[in-house]
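The following blocks contain the structures, represented as structure tokens.
Two complexes come next, and they have one chain in common, chain A, joined by chain B in the first and chain C in the second.
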Partner chain A sequence: MSRHAHGLRAWLLQRISAVYLAIFLVYLVLHFIRFPSPDYEEWRAWLGGRAVGLASAGFIVALVIHAWVGMRDVLLDYLPHSGLRLVGLTLVAFMLAGCGVWALSILLIAGMQNGS
Partner chain B sequence: MQFSIYRFNPETDRKPYMQEYVLEESAIRPGMMLLDALLAIKAGDDTLGFRRSCGEGVCGSDGMNINGRNGLACITPLNELKTPIVIRPLPGLPVIRDLIVDMEVFYRQYRAVRPWLINNDPVPEVEHRQSPSEREQLDGLYECILCACCSTSCPSFWWNPDKFLGPASLLQAWRFLADSRDQAANERLDELDGPFRLFRCHTIMNCVDVCPKGLNPTRAIGHIKELMVKQSF
Partner chain C sequence: MPQQDPAPRFLNLLQIRMPAGAVASIAHRISGILIFLSLPVVIYLLDLSLKEPAGFALAGKWLDSVWARTVSVLLVWSLAHHILAGLRFLLIDLDIGVDRDTARRSAWITSILALLITLGWVGWIL
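Here is the complex of A and B:
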């Protein structure tokens, strides 16, 4: 992207991630209609599958990006003090990164257990 | 007919208050506009301050908050308003006196989009030519009268009036981006980028709702984003 775009890039990422989230959520709903209330082993096997694992990892990444842009918007809108804004943005970044890494590690473990 | 009008004189009042006025039914004529009623009230109390000029929705001087909604007093029919009619200054701008607000921040944002044609070609002898379809692109944009009803009804402008350009200025930004004679599209787009100037717009569309000229700043903002995306890839 030629334009060094904190505004445009964030806005585009928000929209692209929204499309992915919407498609994946439709898939999730359809899946759970077809296979309701799985037990733990079924969950693990399902999430450990390569295609579902990768798609779920994409979902988590898209969710983190989408949540980051949304939370950033809220903080930029409502926190007029630049110092507070920086603290807020840092806290949100750490929280979202932590949640993302945690969720991805769960997928990774499920995948490795499936592979072993 | 009852009115409740925001009053504040910084020289004598410690804080703003609402003053009640009653306009006798005999003073109300059919087809009367709110501005006529305000002038009648002012005839009885000349301390009441508000701006007005043309009285026909052309100059944009008498923008105010009428029963919770921004509009021009001169083209707001009195008989369409619920009583008591509550009148406040345009929200989000510093009050100078009563219904008169300080528009400096609004004009500063307007100046920031360089609302004039930038064309480096030699000045033509007669005029810069435009085809009818190129001229058509400016319809719905050039009609803005800068009354500030839109920008002062925009929550994003309330929170960041010094950083977010606001719907009125962004409509004008698109008016020059869309002009076939303008040659500064790239610089204009660069100036609009960043998290605040354009991208604080969350398509709330209060601007479209209140515009007394029926213009659509949200659509203009959408066109700017579209052009940015096209030019970026």
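Here is the complex of A and C:
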């Protein structure tokens, strides 16, 4: 894929993920207005539920994509030379990959506990 | 043909004079970075709260602390500004509100609205 097409794809992914993230966050805010302080069992049952679990997993994937494109843009704009850029991009990539796997595994475990 | 300057490779923010649109834009970047930095802490709390009742209670206690409340103000501003300014960018991408006056006004509105939401949050947690 050419550089130009790559940039266009990142631009589009950034916007599609943004819409999903915004919709999910509005849902979260409305949910916590309706059910302000859950106890442990309610909290686990809610996040371990199939619909909320899947929507949350989608949220995490969208968040990782969105944060990667955004942080990459920021680093490329403000880091003055390629060595620093490489270090910065590598750190961000590791952190986002780690966060994504970590968060998804938390959701998966919560979902399995609910199922059993 | 006039000689065109090459695209700047390095932006020194202190040398640029910023109208409302630029302020909303740079605040969009700063808030995005803050949200990015908060991710490990938020995921850690999620993990703690789901593992066992004791962890859930500990996460709740931690969220009640003065420290967490202070950080939450910054995070609420970040989320509010990032979403509102992001929505503004999406609309501008769709050719809505592109002319200078409208863009300037919407930049003011999004930035101020985000601050008002943050103020509401401060009132809520005090």
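Rule of thumb we're sticking to: the second predicted complex is superposed on the first by the 112 of 116 C-alpha atoms of A that agree within 3 Å, B and C clash if a C-alpha of one lies under 4 Å from a C-alpha of the other, contacts with A are read in each partner's own complex, and residues count from 1 in each chain.
We adopt the following convention: contacts are C-beta pairs under 8 Å (C-beta built on N, C-alpha and C of every residue); 3 or more make two chains touch, one makes a residue touch a chain.
Note that the structure is predicted; figures quoted are calculated from it, not measured.
Chain A has more of its residues touched by C than by the other of chain B and chain C. In the superposed pair of complexes, A:70 makes contact with chain C only, with no contact to chain B.
Of the two partner chains, chain B and chain C are each touched by A:80.
In the superposed model, A:89 lies in contact with neither chain B nor chain C.
Judged by the touch definition given at the top, the superposed model places A:19 against chain C, while chain B stays out of reach. Contacts of A:10 after superposition on the shared chain: chain B is touched, whereas chain C is not. The intersection of chain A residues touching chain B with those touching chain C, taken from the two complexes, comprises 77-78, 80.
Chain contact summary for the complex, chain A toward chain B: residues 1-8, 10-12, 72-73, 76-78, 80. Per the touch definition, chain A reaches chain C in the complex via residues 15, 18-19, 22, 25, 39-40, 43-44, 47, 63, 67, 70-71, 74, 77-78, 80, 92, 95-96, 99, 102-103, 106, 109-110. On the chain C side of its complex with chain A, the touching residues are 9-11, 29, 32-33, 35-36, 39-40, 43, 46-47, 49-50, 52-53, 56-57, 79, 83, 86-87, 90, 93.
Of all the residues in chain B, the ones that touch chain A in their complex are 155-156, 159-160, 189-190, 192-200, 202, 225, 228-229, 231-233.
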